[in-house]
């Protein structure tokens, strides 16, 4: 039998919604099989069914041709199925090794034999080329390494079939390259892989076949060699999608954000931003390209007042805003789409409508003399929800219940609606499907066209190159180069981001 | 069944289940449940005196419940209501005995002194939490004991000459009224019940209607997002504790200016602050819920006193019933499942 | 009084005071480490104290010298059984754990006092004849200095408490069960995907907290109060809760915090006989233990993070 | 004078629901409960004895008690008993002073008696004790027993009553030998056995060999410590002195294969005697309303419990104690009831 996994006519309902409706997916031995669909199409649900977290209402699962009942993750593990979840399933306070052995501990005389476990972890990590530090604590390691830990967890349990749910959404380009390499190694070792991703490029690069689902319904399976990104996108969304975001030439005007000699320390007290200079003009989008951890977060936090700066100057419309409290910075004319929407962007236990007023609740017309006018707030929310196509049952629904994409749209609506002179967008499209990404890019450009300044931080070089009018490359807390997106290439950017600051024609240096 | 009806039915079922289990315990141990519940009812509402006493007991319960609930709604757990209540009691009485002023000034001043003292007592854990991230649960527990000893000391050494209680508060600072006395045959019912009800409104208004309430709740849910949105997380934590403490202090003022009219040294806690936790939780931390829960607990507590006399049943039985009610409310998921099953059957 | 004299008094009394708190705080640690908040510790101590005393009074003739130890086992069993109520409510029925804990506290007092009245027709029991008593630990008490300070005029139960704390540390940090316990308290869904039965672990943890809380109450009743009444356990459970938090949910930390409470309390009592503290009003000494605790927390303990998932019922498939 | 009020009420009750025309009597305990091994228990014993003597039965038609769970319950309980038409209602303990005072004014027809406090109302008989006389004798016994010339006193909470115990005790010690020191320590609570134990431990290990407690449940810790020390070292001569009732039973300890008792004696406060006395007067139409009766040695209202059999100089102590008793009864000597009086006290 050539299929290692067959999911036949799977149906999974949640109260009020059919997440999977008669979906079939067949995985061949040794292939990388992509699962493609919009946000909320039902991909994660389907995989959770396979992994035993959900029980399907209908349908059959076969492993190596034999029908099986997967009622809990233990059974999935025993059947050789491992899953790398969309939201990492790691215990932050544990070490890498502890996370990997959890539930299948190596013991000697009743207690955990951590030395042996570490040795085992080191062995498989070397075998599959998954570099991790077995003794490091999860909260201290990069997202990329966390993901390798997730993969190791499945391999440690002897998984033959690996499910990756959106593994690349949280990775930097370097890390994505590494991950693709890892997947290829795994296939060589005889494993089979199901890969969920919104990035068509990745599908084209590594996958053999792709199954597309739309709104819970299976659309079909195609060979990657017989298709192209455009076809896939329209298959998935059900209409034509443009990739290259249409935009006119930028008409930069006066400087809105001027940063000079900025120094910021990170949470551990080490310098994160070093003597940084940057200017963003009205009517332009400046993209900051860089590998994660080069001071991007600290830079944003310093601008928005969430983190204390050591020295330097940050001017907004000519006014000094360095070390002002966040509210003052906001009122001076900034908008901020935060990198972590759950942590900073939303109060998940507030209705989505109340979240719309998170920056403005204390101002008229939402508040008069300290008393809130919820009617106005929800009126505003309703109109923004409509305008920004936030899919939610109503404005009274808790923000927690919305999908990531829709949460993000709500935040973007909230920030843009205040019409800030400077909009800071940190990874605004992380984890979103192509339709949503297109929508958000359009909004950013619109903002620029209205004569506003936009600062875009992203790890996606595609996004940076497509959307920005000017790219500032950040390396070790410094802007090492300013390049023109129209003339640069990913290779060149990649090199700059890696710190090789060769002088090349067309590359302006920041410190000039 | 709609969620709304369910939300109303579940606590009612919890109360009934609590009574049911209480009855079973009585049957097993050989007491007469009918007599017991009869005595309970008579002790709570048997005549105007007992009704007055019941309402009097409800008053501090409402305020203590508000104090716990307010902190809860803003992400804090105030176990220190007891201590804040004690200092509020003392402060109110202190103002009540130390000054002689016209009633329109004196009474409000004394009441406010109680609120202020409770607020101050809660300010300390609030500050420590905001400034040093010290867990408010421990600090409030410790502050309870400090309050107990300090107030005892003040009563003995400052407010009296080594006596065990203060003077009665001046008439101008008393919440009692001849009107209530005649209405309820000399029960200790006092005007405090209206203060408590006003406070229920105030809590609802602050939390649901003001931008301050919006901030307080947001900080309770997600400090990071609140900070990002420009709110001052630290001051909101402190404000939340202070408001909670003010409610607790008012509960004490009700005892000092209404129920007792004086402050006496205490060998142990009054228990009202801890009962406030049960009131708040049974009332789902909401205004109406708190009123209803306070009514229930107040009547059970006062009614229970009559049980040993009239029915020969130990009044601890009522404590068991109260505990069971709290338990069944906590485990209301069980009741909800049960209702769902029944109503499904009904449809089929 | 010489410094040595002071220590000779303070150390045994610290140990005496701390023992019940250590047991109970360890119980709390197990429960909260698994993600179940347990403010019902006070109630579990009440139940433990009650059952130990009742058993002790009833069987003292039959059991003789072993009575307090057997009573302690009974207290442990009854505490464990009683904590099942909290487990069922907060794990199976997804109750708000704080509410359920409050119910446990109320229920324990109600039930035990009701039963005391039912059994003995009065509000408090008689005094037990065979409790834990002060001993000089053989051999160890002969060690110079150390022996007099730590092993004389003391109680076996204090050393059992310290021993149990070490065992608890070993279990939580060195065994597979401990790893799973902590994982369940931090990220139950992660544990679930690793094939760990979250419900089972949480049940075990809560029952352990009941057993240890029961022992705590039993130790208190049999080594300190000698009888059971409404005031026997009045706040010790909350002190144990504070010790657990103070100790940052770590068994040895909880033990240290309990010892600190015992120390502060002893200091406040012996303070009266120290020359430089003699003349200050009693009230300062009375509040000293509590103020010291607050200062300690503020000054050098810093922030303590509860297990991430504590207080949150685990519902499969939600996030 | 309670004279006129008296007749009126008696008539009332005759026509009331007391079918057998019994004289009914009841009491309200404080939070300690009716078997607190202290004055509540003693009072209840007195009432029971009175009931037996007069052929009454426990119930609403004979004699009864109500237990308070908190300070707020005193008033409700007293009122409840009055409403049940008890002819005489006792409030046990100074904590009830406020409640009795208030209700006595409202229920002018009812008869009350308060123990350990003075309520100046025509229908209240106030009962005080000369605790200092009992504790004086205890002090004498302690002073004649100590070998180290160091004696300890453990107080519960600071209050007037406990102050009388302290002053009398110290006076007694001083009367025997002014060189003997008395170490005084207050626990701040009546229900913290562990505090009592730690204090006792401190005292015993600083060479004190006799400790007197006036600390209720806190005193349990004293006995525990003394028993433990004795069990550990049967040769050691240490003693504890009980309070309120004869606490000999708390002192039994098995040490070195023999049974010992570490209770030297107890300073007894015969609340039972006083209660019976007041009840009897009231039944006979001679209710001492508006008066304060102080029960001392002369009235058998206080006394010293039998001395421990193990004392080597038991006879000597007995003789000395009896001499002092005579002096006090004869009025030759006034025992100080406050620390201020103690300062000027001299046994000569």
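Structure notes:
Order of writing sets the chain letters: A, B, C and D. Residues in each chain are counted from 1.
Simple rule for what comes next: a residue touches a chain if its C-beta (ideal position, glycine included) is under 8 Å from a C-beta of that chain, and two chains touch if they have at least 3 such contacts.
A quick note: this is a predicted structure, and the numbers were derived from the prediction, not measured.
Of the two chain pairs shown, A-C and C-D, the one joined by more C-beta contacts is C-D. In terms of their C-alpha centroids, the spacing between subunit A and subunit C amounts to 46 Å. Centre-to-centre separation of subunit C and subunit D, using mean CA positions: 35 Å. Centres computed as Cα averages put subunit A at a distance of 47 Å from subunit B.
Between the CA-based centres of subunit A and subunit D the separation comes to 76 Å, rounded to the whole angstrom. Across the assembly, subunit D contributes 31, 67, 158, 188, 191 as residues in contact with two or more other chains. Multi-chain contact residues of subunit C, defined as those touching 2 or more other chains: 231, 234, 282-283, 286.
Shown for subunit B are the residues that touch two or more other chains, namely 149, 152, 268. In this structure, the chains touch in the following pairs: A-B, A-C, B-C, B-D, C-D. Against subunit B, in their complex, subunit D makes its touches with residues 31, 60, 64, 66-73, 75-77, 79-81, 83-84, 94-95, 97-98, 102-103, 106-107, 156-160, 163, 188-191.
Partner subunit C is touched in their complex by these residues of subunit D: 31, 33-36, 67, 158, 183, 185-186, 188, 191-195, 197-199, 201-202, 205-206, 217, 220-221, 223-225, 227-229, 231-232, 249-250, 252.
Listing the residues of subunit C that touch subunit A in their complex gives 170, 174-176, 179-180, 182-183, 186-187, 189-196, 308, 316-317, 319. The touching residues of subunit C, counted against subunit B in their complex, run 85, 88-90, 93-96, 98-100, 102-107, 109-111, 113-114, 117-118, 231, 234-235, 238-239, 241-242, 245-246, 281-283, 286-287, 289-291, 293-294, 297-298, 301-304.
Every residue of subunit A that touches subunit B in the complex is listed here, in rising order: 304, 306, 325-328, 330, 336, 338, 343-350, 354, 357-359, 361-362, 366-367, 370-372, 374.
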